[in-house]
Structure formats: structure tokens, C-alpha cells
Amino acid sequence: MSRVDGRDNNELRKIEIIPHYITHPEGSVLITVGETKVICTATVEDRVPPFMRGQGKGWITAEYSMLPRATEKRTMRESTKGKVSGRTMEIQRLIGRALRSVVDLEKLGEKTIWIDCDVIQADGGTRTASITGAFVAMVLAFQKLVEAKKIKALPIIDYLAATSVGIDAQVGPILDLNYIEDSKAQVDMNVVMTGSLDFVELQGTGEEATFSRKQLNELLDLAEEGMLQLVECQKQALGTIAENIGISKEEVNRL
Amino acid sequence: MSRVDGRDNNELRKIEIIPHYITHPEGSVLITVGETKVICTATVEDRVPPFMRGQGKGWITAEYSMLPRATEKRTMRESTKGKVSGRTMEIQRLIGRALRSVVDLEKLGEKTIWIDCDVIQADGGTRTASITGAFVAMVLAFQKLVEAKKIKALPIIDYLAATSVGIDAQVGPILDLNYIEDSKAQVDMNVVMTGSLDFVELQGTGEEATFSRKQLNELLDLAEEGMLQLVECQKQALGTIAENIGISKEEVNRL
Amino acid sequence: MSRVDGRDNNELRKIEIIPHYITHPEGSVLITVGETKVICTATVEDRVPPFMRGQGKGWITAEYSMLPRATEKRTMRESTKGKVSGRTMEIQRLIGRALRSVVDLEKLGEKTIWIDCDVIQADGGTRTASITGAFVAMVLAFQKLVEAKKIKALPIIDYLAATSVGIDAQVGPILDLNYIEDSKAQVDMNVVMTGSLDFVELQGTGEEATFSRKQLNELLDLAEEGMLQLVECQKQALGTIAENIGISKEEVNRL
Amino acid sequence: MSRVDGRDNNELRKIEIIPHYITHPEGSVLITVGETKVICTATVEDRVPPFMRGQGKGWITAEYSMLPRATEKRTMRESTKGKVSGRTMEIQRLIGRALRSVVDLEKLGEKTIWIDCDVIQADGGTRTASITGAFVAMVLAFQKLVEAKKIKALPIIDYLAATSVGIDAQVGPILDLNYIEDSKAQVDMNVVMTGSLDFVELQGTGEEATFSRKQLNELLDLAEEGMLQLVECQKQALGTIAENIGISKEEVNRL
Amino acid sequence: MSRVDGRDNNELRKIEIIPHYITHPEGSVLITVGETKVICTATVEDRVPPFMRGQGKGWITAEYSMLPRATEKRTMRESTKGKVSGRTMEIQRLIGRALRSVVDLEKLGEKTIWIDCDVIQADGGTRTASITGAFVAMVLAFQKLVEAKKIKALPIIDYLAATSVGIDAQVGPILDLNYIEDSKAQVDMNVVMTGSLDFVELQGTGEEATFSRKQLNELLDLAEEGMLQLVECQKQALGTIAENIGISKEEVNRL
Amino acid sequence: MSRVDGRDNNELRKIEIIPHYITHPEGSVLITVGETKVICTATVEDRVPPFMRGQGKGWITAEYSMLPRATEKRTMRESTKGKVSGRTMEIQRLIGRALRSVVDLEKLGEKTIWIDCDVIQADGGTRTASITGAFVAMVLAFQKLVEAKKIKALPIIDYLAATSVGIDAQVGPILDLNYIEDSKAQVDMNVVMTGSLDFVELQGTGEEATFSRKQLNELLDLAEEGMLQLVECQKQALGTIAENIGISKEEVNRL
């Protein structure tokens, strides 16, 4: 039995990353993963939140939202409800944490990078598309800081991208689940990795199901395959800027 | 002295309306007015709010929001603040009220049309662009209802569009203000009109300034000029659907 | 056919403005317009909000509320609901904006005037009565500042008052609508003008109806008639203080 | 040493109760106690809250608020803060509880009486003035129900009024404290009593002070003196309606 | 007829106060009164709230909460509801006010003591148990300050404890009501007293009932009996620390 | 180099699970893991949330909170802030999801199990202790349902427990991190597993660090060791009830 959209088990959906999609932000992209579309922007603020002050280090924080009709049925706005849902908070914290793991915050200095990921169309994998797109938007913003001579070099230790893997009862382990696949998967795992295939976040969940260590290993193999292609897309979107990424943490410190 | 972007005083910015921009909603457009870009969607719900029940009439309600980096400086999300600002509420009420004025709510029957206007890039005139785009998204949603035989004909009495006019201390009365013009205008007026050039809403404000009745008349002349062009753009976006619009209220009632 | 309360189409309801109605505030009035009663107070604060600091200019801001039983049916308190309605915010913004248009904010200096309009009985026209009454309360507060030698002269450029006009299907264009008239009017327009009959705000709305430019002109004629009488009432309430109002902006600057 | 306003220790401030002060509510008064002024209204709703349904009994609930400039310094609106303060809640609960104690809720039937007490000018004793005024407003609303033949007789068991007593370090035990007296009192006690001088509520507080049982007795003697005068004022405000009050609970049940 | 749990009318439930119950706080106890269990902690903060600054005096504030299943039926969390109930606020204000009455705030200096009372099991009398336990937790925290030489002596003027008394229709006046007794009591009174049997707070309420001055006196007699036993329990929990309490206010000032 | 508290890298802290700790709930425990103490309760409600109705299945939902002084420094209450933090929501969702994975929701029938985890003392690992304790509380509640003949058998598919593993820069991979270890760990992973050592949740995070696949495997080996001991503790706490757990899903369906 094959996947609902005919893809191979280890096949990503079509990815497109359009840089400089919005005029005002320091960095911005529109990332498209199959039918999922997310506008990711990066804003530079010249100070850090109170709990970080005086340490000489930067901070990266993220906000995530969906337009009401990004989804099949209209979703009530969180501004109208007057509160941000648990799901949204979980995703925001994940995006911020993931991005911080590949940035040399000391080299960044006392600045905050605000990442905004706004889903304008949703078909599964919105949080992983957000991370993959936000990484590019953030690098574009860093590049502006370099050009404005506010930092010496891109404070980036490695590439960062994310995808989902899961287990479908009929099809088995699959890569990059769309909404329908995600809804019926027994196990759903979001994997955030660096360009060197190290883990940054691993969030595997069996909803009313469990998974064995052997299955875990099959899923991680698929995730690695997907990661290599996602980083390739990021490189194409970044063009010549990409040449300055991927240097080791030690090298960045020496700049 | 001429306008900041070289336009004639009675010249609109470049308008583009892309229909069916988002997959899931019953109707959707991306409207671009100069650098202002708004995603407008129309959602059909098969019931009306409690205060309208049992009257056999439909309802149209609107929500409006801006992405944090639609603006020059990042704006805090209203979901994060936990409340919707006064400005947002004023705009939402305006959009809903304006659209209701050209719809035969009895012909629509007990349905709610949810209009969502999400500004992804802002350069002045976001509320008027929202109304102009939302009208098209709403007609597309009505067309789906007609095709699904849920209503007999488009319950539309006339076209509806909106633009701004204002008075610049140096340049005089001008049409379709961009953000810079809006910031320094002495008088700012939003005009919502039908295709027959009747008024639906007229909101003129002198912030720390006033305006005479003569000036009011000059501004209204400009608004009429702009309206005719906006309706032309709406017709192009609607294509063949446009042929079914513009019939009189009496004709709609007879269908 | 005549109006529900027998008035002529161009006749205001009975107006009464009682100055110094409440003990504590720097300025206060009880304004009665027919059955509508509003307590308007003006409070002086010796600083401006953050966005105005260091500019040497003053600020005027307004809050508006209705007692729960000001209305025919009890209205739930906004404090109990935990949020201020869109309607309230719209009115508050309108009152503040209108008052600022006739005050020389530089002459006022870095002070905030808090205007509070609390409707204790409502019968239509609460927002226009609020503006007309708040102007007097504000002038009384300014007079206290003059007497305390905190400002040299009343920083008032002109009188300011407001009324409503509308179109009734049977009666035609009418001035100063009460609640019943307002509920069934096809067109409702709030007009805020100066003593010199210049416009400050013009908000015309056709709810499920539209209006022509000819009708607009008839409505504005009525509004001008009403304005002259309202300013006369304000003068009587102010007594001798009224003699210091109405000087031109240039004269104020020279003081 | 004598009181700040020259009153005797056992002297109430001047009381005035104006019935039918507001047009719309079923019952309303303006109560003035010295410089304290409160608008009290009573609204009849033909149902009870969910936790009371099906018991055949009525309910009485109260809301209390102060206009921002009722006080010496402007107080921020609770609607603007988005939440009701602890003080307000305490007072609301007190007013409702007190009124319920003299009403035969079974005779009232499944109705809710909403009491609104809005302080338009405050000089101490706002909660006790609210109770004293609300009792009259409630009786007026009950009288309307009797006249509309919705209830057979006033479901009132006894009069209800409230006052404050306290201990001033210099002056000793005093009755009906104004704001200045209240601010410096060592002990402050609110007493709610029936016309028969039974207690309904007794709330005595020593803020950074304590009081002995002997002092308690002196305070209660003063409270009883005040109560008799307050009930007299209520009788005058009620006029001929007063003749139907004060019958015993047993008599009400027999009606 | 006797009480539901067989106690004499003047008999307290079994009391236990375990000091140092929680590791982190400066002072903490678990107080058990019958089936009611409350964790009371005292936290020392080296500053006072804004309204107290610069007066050289300390402040004591309290928060109170119940675990959802402290009660017979699960109670919704106030954090989930997004607001603190009126009942909670009333209790919090009571606890703070009561504790402040026996502390020499000047001797404490500019420090805030945060009292947290968390009910883990509820069977009536949670607010009085909270006060009785919080007093001990607060003294333990003061003792730490003495040992750290941050204050010279315990700034405590007297013991403080609280209990409830009430009138049961069948049983008559009773001491220390449990939940069942509280639910059916005609009159419920919380009494907070010092070790010298002076009153700090007296809150008597007749819910749909009233009480005479004679009944008041019977209730106060019972309360005094209970108080003496409660203070005895506090002394045992404090051990040798207890020797430094109970000195007069004058003596504290002389230290 | 060894761990701060001298434990071996693969050594759990001391565990204690006291069943029936609170009187009112259907199930309750106090779980102690080192210095971390959590009260876990399970409440049975005879209906499911709206989105689950009519499916014949049960639901399990969890709430998590910390007393303000569970922590080293006092934490502000979420009820006082008026909103639940992102961290709390993440933990609540995790606990609910984890418990649902080992319950046969169809056998449970249309009931909701409310799990409350209230941390009274915190020293790291509060979410994993909550899951381990909540499982026991839930089984105790199920046992009550069995005894009341509301369900035929415990609808439990397997044991469920949780622990944390992490990488310390000096000490290497470690099991069951306390607060100090958690604060300085490069990688922190929460593992929720069944008694059969299948995964339910796997949440690994590198905060400003990453981890390799080899390291992941070392961590998972440690987690398995810990799990076996935790399940042993659960069995002891459950006593004879434990005999009815661990049957396969297929067997439960056959009951």
C-alpha cells in the first residue's frame, strides 16, 4: 500500500523558499512545503529581555500563528479568544530553542532576534516548515547586520532544519507527513537537526499507541535523509551568503 | 509641489487582485495596493449569531489583523497582548457594516459569512484595501453557494469598494494615501461607496486640524474618481462572475 | 408625517449643562440632551503618556462608559466581562481625537487631560452629548490651571460640539436623533464641528442602506443649524470664562 | 477634641434619598450621605442563575462600581484594567448577601433582582450608603411587581440599612465615618442591621490595631442609634409604600 | 441534639501544626484542623511594594488557593479560569490584614513577607486554619531573620489565631464548624483574635437569617474559649522560639 | 568526576509513592522523588468534553501546577498572572497524552479522568514524577470504578512511568537529573515508557548544544534501567491491585 499522495516513504514534498518575501523585516522568506505555506520573518531589536541583560549575549525568540482560514475549517483567532493556546506556546518555544542551538549568542551580542512564523496555508508540518524557513530568514537578518558592520561575521555554527517522520499502520515508517497522514499516524515525531546531522530536538509521540526502539531507529534514518535535502534547499535560497555558513563554533569564536 | 511617490493628486496606486489565493476558504483573494498587501478570505457558516436567529436573514462579520512585521517596526501580536486594540475593532466593525450594505441578507438566508482580512504588508490604506478585496472574496464565496445550489443567485445589490482621500499641507487634496502621506495629512477621510457612487461610509477626521465644507467637496470628487477604477479592477478579478452583479435590489428580490 | 416626539426636523432636544456637578475633578458637568444624561469630568495629570514624552506637548485622552441601567434593558458591565467593547473603544477614540483638534497642545505643555464621560441615562446621542459636555468640563479644568498660574491662557482655539443627523424613511432628514429615531434611521451621521462651523469629524453610516451626495448635503445643513445652538448652550454654562475662548490659534501662540 | 466636620460622635451625616432617579430601571434612587452620592438601581429579570433553577426561589445579586473621578484622585476603570478588584468583589458580595437576608425569596419566585450601585461621588461609607439606598430601590422594584400583579405582596421581611462605626485615637468611638475619619481610624466596623435591630452583617477590622470586647459594645450602641434614623429616611423616601413593610416573615408566608 | 461529629458545642477539632514542612521557604508549616489541611509558607523579600516605599516600614501580603481536589467535588483552577474569584480575594485580604495587626512593621523594616496558604484538603474553616498556620510560618521566617542578624528581635506584638463560630438551628451556638455544619448554619462568624483576646477581625454573616445582640455575645464567648487552645498549639509548634513572643508593642519599640 | 549528590550515573533518586494521600478524590498519591514531591489526584467525571461526545470513548486530561514556594525562589501564581504559562501547558498536554496511551478508552466508556498534579516541593523532574505518580492515582480511581461495577476491569494496557536522562559536560550521560544537574545539562531528555519498555514520548532537547545519534543511544539505555525500577515502585504502591495490570490490549477488549 502506498501514501495518499503517491510519494515514496522516504520522499519529501516539494519545497520552495522565496527569500526577501516581505519588504519591512530585516529577514523574511515564504516557505512552501507541499500545500503548507509559512511567512517567516526575522526582526532585529537592539536589546535583550530583562533576564538576559548584562551578559553580553544575544537572544532569539519566536512567535507562531495561523491565519484563521489557513486550515480546512476556520479556526478562531487567538487574539479574539484573548489567549494563546497551549499548542501555539509549545511550537513557539520549540522554534526559539531550536534556532538558539545553532547561533553563537555571544558573537551576536546584546540583541534580540524576533522570529515570526505565520502560517497562511496549512497541510501538516507547519512547525517544521517554520523552523526550516525561519533559519533562512534569520541568516538574512544576520547578513544585514554584517553588511551594516554591526557584527563581524554570521554568528551561525551550523545549518538547522526540521521535518517530521511517523508510522502509518498500513504504509509503515514515512517521511514528511501531510495533514491526512499526520491525522492517522500512530506515531508522530518531529526532528530538528543540524547540517551535520546532530540532533537539536527530538519529539516523538505515540497518541494512543507506543513504539519500539527498533521503530525509533527506522524513523531516525528517514529523518536524516530528509534533512540533507532540506539543507540543500536552504543553501539555494541563501545563494552566495551560504558560503559563510557551516564553519565550526571554534572558528566563529576566533573571528 | 508633488506627491512623495510622484503620483498625480487624483491617481490611485497600482492595484492587483489575485482570486483563489488560498486553497481552503470558500472565497479568497490577495489584494495589492501599491506596497500594501492583504489576504482576504470569506468563510461560509450555516448558521447566524444568536441575536439574528429565526429571522430568515444572513449575517456578515469581519476580522482584521496585521502580521507583526507587516509594519516598518514590529507590532506586538494582539494574541500575545491578550486583547484586540480599539483600532482593530473599529476596522472590523467598519468592514462588516460596509459589506452588509450591498448584500441582500434575506436572499442569503440564515448563513454567516466570516470575512478575514490579514495584512501581510502595510503601506497605508489597509482598511480600504481590505474592503475592496473582501468584496471580491465574498462574491467568490457566494458564487460557490450558487454553484452548490444553496442560493439561487448572487445576493449582491451593487459593487462595493473603498479608498482614502486626504489633504496634504503642501500638495493639497490627494487620492489613495500611502503611509508617509497618511502620517502627515491634516485631514484623512475613508470613503466606502457602491458601484453607483452612493455612500456607504464616510469617515473624515482632522487630527489636530479641521476642514471646511468646500474642502470636503473637493475630497469627495477625488473619491468618486478612485472608486470607478477600483470597481473596474474588481470586475477583472471576478471575470465572468461579474456579469451577475449590479442588478438592483428590486431585481434580486424578484429572483 | 412628523417625528416621534413632535419636534421639527431641524429641532434639537432640550439641552442643559450643569457645571461643577462633581466635587473632586478639576472640571465637571452634567449634560442633559432630552432624556440622555452624561456626567463629564476632566482630570489634569502632570505628565504625558510615554509616546509623547519630551516633545513639550500635552495630550488629551477620553474614557466612556454607561451605567448598566442607563439603557432600557440592563447592559452587562465591561469590567465584569473583563474587556471593553469595540463600540466603547470607537467612542473613546472619537472623543479624545475631537477634543485634541481645538486645543493648542503646545500651550498646554506636558500634561494629560483625562476626560471621563459616564452615561447615567441613555436615549440616543450619548457620544455627541459626551463631546459637547466634555468640551465644557475641559475648559473648566483649563480655567483652574490658568487660575493656578500653571498655564498663561486657555489653550483653546475654538468651541467644539457634536450632534447627530440622519435620514428617516418617512420623515426625511432629521437633526439630533433620539433612541427610537436612531434605531430605525436608514442613515446615521455624527458630526463634530468647531464654533466656526469647520468639520472635525464626520462619520456617516448607512446600515443596510446607502445615501447620495445630495442627501449628504441636506444632512450637513441640518448639522450646522444644530451646532450654533449647542455652542450657545456651552457659552451659557461657561459664563464669564467664555469670553476667553474663540481666539485664533495664532493669537494663542502669541500669548 | 471634636470630629473634623464638627459632628457629635453619635451624629449621622445629612441623608437624602431621591426615589425614581433614573427612568429605565424598575427601581432607582440617588442616595446622598454627606458628600457621598450613589445611584442605586434594581432590575428585575424573569429567571434565576443556573445554580438556583427549579427551586421556586428568587435571587438577588449586586454590582458596585465607582466613577473614575468619584474619588479625590482619578481611579483607573476596572473595565480598562480588565478585572474587578478584590475590594469591589467583597463589596458586591456583601450588598447581595445583606439584601437577601430581608427578602422572602420563595415569595419572590424564580426571578433575579440585579442591584447596581454606582458611586458618583465618594467621601467614605460608599458600601453602607449603597446598601441603604439599594434597599429602597429594591422595594420600588418589588412595588412594580405587585402593581403588575406578578407577586401578591412585597416579599420584604424587615427594613435593612447599614452604617459604619469606628474608633478614632483622639475622638473615641464615632458613628458614620467620612473619608478623612475612615483613613485614620484604628478600628473600622461596618454594620448591617434590620429595622428590628438584628444583625445581618458585622465586619470589624483593626488595621494595625486591635479592639477589646468593651470597645465592641460601645461601637454597637452607636450603630443602633444610627440605624433607627436611617430607617426613618427610607420610610420617607418610600412614602405610602412603607406601610406594607415590616410585617413578620410568618405573615408574609401567610399572604 | 448533638453535633454531626459528636463534639461538644465548645470543642475544637483536633489540631496539629508541623513546622518546617517544606524545604525552600524561610518559614513553613502544615496545619491540620480536623480534616482540613493547609500548607502555609512565609517568604521574605527585601523590598516593599511601590505604595510603601521610603517609609521604613515592612509589608505583609497573603495569597490563598485550594488544590482542585481539596474539595468534595473538583473545583476548576483559578489559573485556568484566568481570574481569581471574589471569595479568594476576600480571604487573601483578610489573612494579610490580620497578620499585619500583630507585627511591628517598623521593626521589620522595608521587607515584604509573602504568605502562601494552599489548602490541600478542605473540610470547613480553611481561612481560619490558614491564619492560625500562617502566623507560625511567619514567626519561623522572622526567626531566620533574627538568626541572620537582619532584625534584632521578633517584631511580633502578640499571638494571632482564628476560628469560626456559628449558630445551628438544632444544636445552637457552636465552635469551629466543619463543612457540613458550615453549610447549614444560620449564622457564620469568623473571629480573628490576639493572644490577649483582643479582636483583630470580626466577620459575622447571617445568610438568609439574622442574629440578635444576645446571640452575638454567646458566639464571642465560644470564640474566646477556642482561641486559648489554638494559641497553645502554636506555642508547642514554635518550641523555644515561643519564649520571645507576646511582649508588648511598647517593649518591641524599645528594643 | 561524580554527580553532585554522589549517585552513580545510572542511579535513580529515592522514590516513595503514598497511595490514598487525599480524602476526597477517587484516586490520589503523594509521590516523592528525592526532594521533589507531587500530589497527584484522579477525578472521575461522568461525561466527556464536547469534541469526544457520542463516540463511546473516554478521555483523560491533566492539569499541573506548582505551589509558589515549591521552588527555591517564590514563583508568582498563574492565577494571579491571569494566565497559564507555556511551560505549564506543555507539561499538562504531555501528562494527558502519556496516560491516554496506556488506557483502553473504549473500555473506559464516556467518562473523563481529570488528573491533577500539584508540585508542593520541586527539585527537578517534576513532570516525570507527575506522570509516574499520576499513573498510580489513575489506577486507584479505575479500581473504584471496578468496585462500583461501573467498568468490568481495569482498562489499563500496560504500566506507564517517566524519568529524565541527560548529558553533563563533566560526568557524561546520567539518569534522573535533580535541579542542579538539570540546570547545567547540555542535553535533557524526558522519556515516557510503558512497562514493556516501549516508548510513549521522547523529548530530547539540546539547549545551546546538540547531540549525536550515539549519545542518544546511551541515554536511552539509561532510561530503560530507570524505568524498570519505577514500575517496581508503582507495583508496591498498588499492592494487590497490581495483579490486574499488564494484560494485553487484546485481552482487555475480550473482557
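Per-chain residue numbering starts at 1, and chain names A, B, C, D, E and F are given in the order in which the chains are listed.
One rule holds in what follows: contacts are C-beta pairs under 8 Å (C-beta built on N, C-alpha and C of every residue); 3 or more make two chains touch, one makes a residue touch a chain.
Small disclaimer: the values here were computed from a predicted structure and weren't measured.
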{"item": "For chain A and chain E, chains touching each", "value": "F"}
{"item": "Farthest-lying chain, centroid of Cα atoms versus that of chain E", "value": "B"}
{"item": "Between chain C and chain A, distance of the C-alpha-averaged centres to the nearest whole Å", "value": "52"}
{"item": "Separation of mean Cα positions, chain F and chain A [Å, integer]", "value": "29"}
{"item": "Chain centre separation (chain E, chain F; CA means) in Å", "value": "35"}
{"item": "Of all residues in chain F, the ones touching two or more other chains", "value": "82-84"}
{"item": "Overall pattern in which the protein chains touch one another (line/ring/star/complete/other)", "value": "ring"}
{"item": "Order in which chains appear around the ring, chain A first, chain B after it", "value": "A, B, C, D, E, F"}
{"item": "In the complex, chain C residues that touch chain B", "value": "83-87, 89-90, 92-93, 97, 100-101, 105, 158, 189, 194, 196-213, 216, 220"}
{"item": "Residue numbers on chain C that touch chain D, as the complex places them", "value": "22-25, 28, 35, 39, 41, 43, 45, 63, 65, 67-72, 74, 77-84, 88, 114, 116, 118, 120-121"}
